[in-house]
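Structures incoming, each one as structure tokens.
Next, two complexes with subunit A in common: one pairs it with subunit B, the other with subunit C.
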Partner chain A sequence: MSLTTDLSQAKSRASQRTKARAKSGSENTPSGEARPSRRNRKRRERLFQWLFLVPAVTYMALFFGYPVVKNIVMSFQDYTTATFFTGEAPWVGLANYAKVLSSSLFSTSLVNTALFTLGSILGQFVIGLALAIFFQRKFPLNGILRSLLLLPWLLPLIVSSAVWRWILDKDSGALNRFLGELHIVNTGVPWLTSTSLALIAVVGVNIWIGIPFNLTILYGGLQEIPDELYEAGSLDGATGWKAFRHITWPMLRPVVSVVLVLGVVYTLKVLDIILGLTNGGPANSTQTIATQSYDLSFHEFKFGEGAALGNVLVVISLVFAVLYLRASRRSVDE
Partner chain B sequence: MTAPGRKQWGYTVLAIFFLAIMLFPVYWMINASLQPNGTTLETSWLPLKPDFTGYATAISEQGGNLVTSLVISLGSVVLSLAIAAPAAYALAYFKVKGAGVVLFAILISQMIPGIVVANALYTAYNDLGLLNSIPGLILADSAHGIPFAILIIRAFMNGMPASVIEAARVDGAGHLRAFWSIVVPLSRNSLITAGLFTFLFTWSDFLFALTLTTTETVRPVTLGIFQYIGAYVNDWSSVMATAVLASIPAIILLVAAQKYIAAGTTGGAVK
Partner chain C sequence: MKSAIRTRRPLALAVAALVGLPLAISGCGTTASASSTDAVKEVSVMDYYNNEPDKSFIGDALTACGTKAGVTIKRETVPGKSLISKVLQQSSSKTLPDVLMLDNPDLQQIAATGALAPLADFNISTADFAPGVLSAGTYKDKVYGLAPTVNTIALFYNKDILAKAGITPPTTWDELKAAATKLTSGEQYGLAFNANPTYEGTWQFLPVMWSNGGDEKNINTPATAQALQLWTDLVKDGSVSSSALNWTQADVKDQFMAGKAAMMVNGPWQIPALDKNTTLQYGVVKIPVRDSSQTAVAPLGGEVWTVPQTGNKARQAKAAEVVACMNSDENQLAMAKVRNTIPSKTTLAAKFATDNPKLATFTDLIKTARARTGELGEGWPAQATKIYTAIQTALTGKASPAEALKQAQGQ
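This part shows the complex of A and B:
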């Protein structure tokens, strides 16, 4: 289900249509002899067809195209609150980028972003895949239980953040009480308020949020693998782990690459969970590029610097987007 | 089909165990929302004496925000479908020049971080006087819904037999007529799916609520919750009651639109 398949489908349907028209012969004239009125009608037809697209194209231009361009322009300007009053945003060249990239906070954010993304993706994927394989078995209530597992993914992220903030609370949180009752810990663990634990806690919550997505997509991918392959495999003695390594994994690869790259692109821009759980703290230990960009623009009102950092995030995302497009094209070709 | 054996039920038990772990936070949210507020430091594991003061506080303090979220979400559904459905039709059915470019733009748009959009929109909204306004938020929030809706509806329309539309066209219906009286009714299910997801996206939006509102005049419930937890919290039962109320659309989507979700998930994800 990707761009390329759909386009080729559309093309083949269109050619069928012209063929059908040619057969009926009603309005078919060799293209060389097309009369002007016919050409006009064709042009009008084209225009009508475009009118269906115009609202969407306009919207996309205003709410995606414009922001991207505006961010690029702003990143070269000294754009602050003063700009709103004076209307002036002097050009500063690469100063915003230089300032943002050389600040010590940037390296912290970059490392945190990498750890947050890597940790989240790894956890979501492994647990999601394990659950997807588990739910491939036939057992009563399978469908209902599997769909109930979607709930963490459908909840508003800020709701999940609020609930987890309460569960991870140092003094009265459910997790510490549970661990305390099991005598695993004696004093409350400061999950969200310790600089060494906060990032781990935030990653843990993000894993929880991402499991249903991974489970659903991977489960769909597993369903596509024909049973005969496993039957043939079992004759050759490939069961259990062997069957997974030699049949499941190679067959699932295209879906895996799509899940992973989409996961990366989505995780890179996560803001809700971090702001809701820790607000980037304590002492910037959960600050990522996305949260830092938000801080620069909307707390310090340095919109130019915020835009510069936002663009850095866009570039990182685009690298993965290219990987994604290549992956999804390959998955179609295979 | 034979009756499930003991081994199969064993898997069911195991699955319920996994589910219990995964859904514990949801249970805890509901449990905490039913506890008496205030002084007790420790929430009991079970809501043996359910108490609804948390909900009373939540509704009196956040009721207006819930209504604001509802209005914005409904507005966004209407706007998104009105824009996405014709576009999806054009992309699925016509051989429009540049369709590939439009699809590519939609794909790429999904990768643009919201903070980049918010950063630029804030300054533009400030100039246009759209900050702290419901139309402003509807327009911005549709940025989640429109690209997604186009992809979902188009995927469905791709499978629609061209002959049906052609028949209508031969009978003399214009493009608009054919679209409105043939294509839209036939695509009802995909429109519902796209609409439900758009509602959920907008309802869950936090970033635009956070950046494009600066006063209390227009305040979606997500921002209300954020402010609850941003201050020192001593009344978790009210916060959790608000969280439960804010989760209702997700629960409705899960129950009512069960069969559409799988299609939506894969359609939206493996774009």
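This part shows the complex of A and C:
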């Protein structure tokens, strides 16, 4: 989403500029003599401007526009395995949407998606911010530790989820062994097989994966805040929490809004971690809209319904994408 | 922005796989119909035996069959999980291989698209194949695929552990429960099976459901509820770890091999792994039935070979020769032996059992084994989803077995 919106923003800005220039150009024309050649030059210039956009526009139309449109079209069709061979997909109107939205699983998935997203974002952000502030101090090994924290980001997600599945195993998982040694628990905690714990465990893993992103962006944001502000603040008695409350937080706000909104959009679509850890189970307790859509399309071969559910998710993401657009525009204006 | 890439990838990939790729390769999809009059020199094959030793076993058999038919084999092996999406892409771009292997429950989906040719068109004999094997390869009264060898699941038990506890392998549910309880102590569970929310979880439950008279058409019946009650009881009283809700069949095997489970439900494809541990003494019996008067009904596993509709009659004929050859008596016996599977012709199976006592239980089960798609055809995936949903609901205690089945059937 971010790439698309960035580009379209840039594009609209560019075209506004072109229009403005064209307008002022015509107003400034002193006499009619030079007009044709100048108009030609202007036209050529504009043509070139558009030519520079052609690769980006083509790329987007092909790899973003076409799939999105196709997905929307598909959601109104009875798209089955046979469609691939015969090419026939009868129109069914809103039937796919009706079926998907009225299914008893939809409300479960929706609630899980909300909890998963909220929980992940909250955890990632708070821990990420705390670590970012922590690493602002100068201490030995700061750089090494910071780069070590990037590890979760470097691992392929399928590897992370496989390893976490071992760690969280009820009987022989490392976490339960550890807690057992400390006498915190007596019997194995069914992290991934209890309907009340599985979602928490999955959120926990996703937080672990998301911390580096939050840490990196927020750390960058913190570096931008001039030291003088803190010096001046300390003269006025603003240190510690007060300094954070009155200097760090307001200065960091633009970065925060970007991190949060991007985080929401990414987290809404998380698929591999959940599939790797629990496959949506036990008893659908970790089923989200993304995993359900995947199941419908690729396990039950109901491509139309899968597409319809996918579109529901796209609409939800769009809301946040718009928020992101507004937030980033404001931060640019500031 | 690695994070951006990783989270966008599944959706974008899925969409691209569905839409973009078939379109992109449709341009080069004319190879099949190129020269139908020329002598066929080559036959393309696709299967999912991409791991050793199966990869070589199957590859050698294919090469030999190709030589016999006077063609060279151009083989492509893809990972199991991506076979179906690959087949769908290829069918939309009309680039299907000449010979296609499919997992038997998937045959219905592909046959329903019209992408496969009935084997009767090529006069391939289906005589003597076990009824379950034929029904797995049959869509709307026509046979589209034949499996040279098949498999199913049974109850493995650790001979040493059972002997020490003075327990004989169970044959009924009551015996199974008693044995499992007795064998559970400390870090060791009595039994391990897999009840995860995938088709694997459904597959492992089918023996108890079917043997007790349950039917997949309607799972809201007392017979199926009784079967699910057994699974639930075993987990509830701790004889089976609740991790079963998340285990795969490979995890179950690992538990058994590590001595953490005295018995397990699993298939013969685990035998090579089990045999690597020379200290492990195990036996195999049928999965217990509720009442000793009942017959054990096992689900049929294995892969079928098919001839896709590529539009090139000459190539199709050669492809059919290869498929027939793969299913020949000698190939069935040879493949069954090296791959720890069972020949699908009943007469061969009988002979095979005497030569391979280790596989005797499985051979016996195959005679009456049922195909998962036998009743519902292409409706199977939807119903299989309902079955594992009900299993998960009951095993987590969110509803009683009967209530869980009722909810799932109504979905």
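In the analysis below, the second predicted complex is superposed on the first by the 273 of 334 C-alpha atoms of A that agree within 3 Å, B and C clash if a C-alpha of one lies under 4 Å from a C-alpha of the other, contacts with A are read in each partner's own complex, and residues count from 1 in each chain.
What we mean here is this: a residue touches a chain if its C-beta (ideal position, glycine included) is under 8 Å from a C-beta of that chain, and two chains touch if they have at least 3 such contacts.
Bear in mind that the values here come from a model prediction, so they are computed numbers and not experimental data.
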Subunit B versus subunit C as contact partner of A:G220, first or second or both or neither: first
First, second, both or neither for A:F85, with subunit B first and subunit C second: second
Which superposed partner A:F134 touches (first subunit B, second subunit C, both, neither): first
First (subunit B), second (subunit C), both or neither touched by A:F301: second
Touching partner for A:Y97 - first (subunit B), second (subunit C), both, neither: neither
Partner chain in contact with A:L192 - subunit B first, subunit C second, else both or neither: second
Contacts of A:G210 with subunit B and subunit C, given as first, second, both or neither: second
Contacts of A:G310 with subunit B and subunit C, given as first, second, both or neither: both
First (subunit B), second (subunit C), both or neither touched by A:G280: second
Those residues of subunit A which subunit B touches in one complex and subunit C touches in the other: 1-3, 63, 66-68, 70-71, 74, 83-84, 157, 165, 171-172, 213, 262, 269, 271-272, 279, 290, 294, 297-298, 303, 310
Partner subunit C, residues of subunit A touching it in the complex: 1-3, 63, 66-68, 70-71, 74, 80-87, 103-105, 153, 157, 165, 169-172, 190, 192-195, 210, 213, 262, 266-267, 269-272, 278-285, 290, 294-295, 297-303, 310
Complex contact set, residues of subunit B against subunit A: 4, 8-12, 14-16, 18-19, 22-26, 28-29, 32, 41-43, 82-84, 86-87, 89-92, 94-97, 99-100, 102-124, 126, 139-140, 142-143, 146-147, 150, 154-155, 158, 162, 166, 175, 179, 200, 203-204, 206-207, 210-211, 222, 225-226, 228-230, 233, 236, 239-240, 243, 246-247, 250-251, 253-254, 258, 261-262, 265-267, 269-271
In the complex with subunit B, residue positions of subunit A that touch it: 1-3, 6-7, 9-11, 13-14, 16-17, 46, 48-50, 52-53, 55-57, 59-60, 63-68, 70-71, 74, 79, 83-84, 131, 134-135, 137-142, 145-152, 154-167, 171-172, 174, 177, 208, 211, 213, 216-217, 220, 255, 258-259, 262, 265, 268-269, 271-272, 275-276, 279, 290, 293-294, 297-298, 303, 306-307, 310-311, 313-314, 317-318, 320-321, 325, 328
Residues of subunit C touching subunit A in the complex: 1-4, 6-8, 10-12, 14-16, 18-20, 22, 84-85, 88-89, 91-92, 109-110, 112-115, 187, 196-199, 241-246, 260, 378, 381-382, 385, 389, 392-393, 395-396, 398, 407, 411
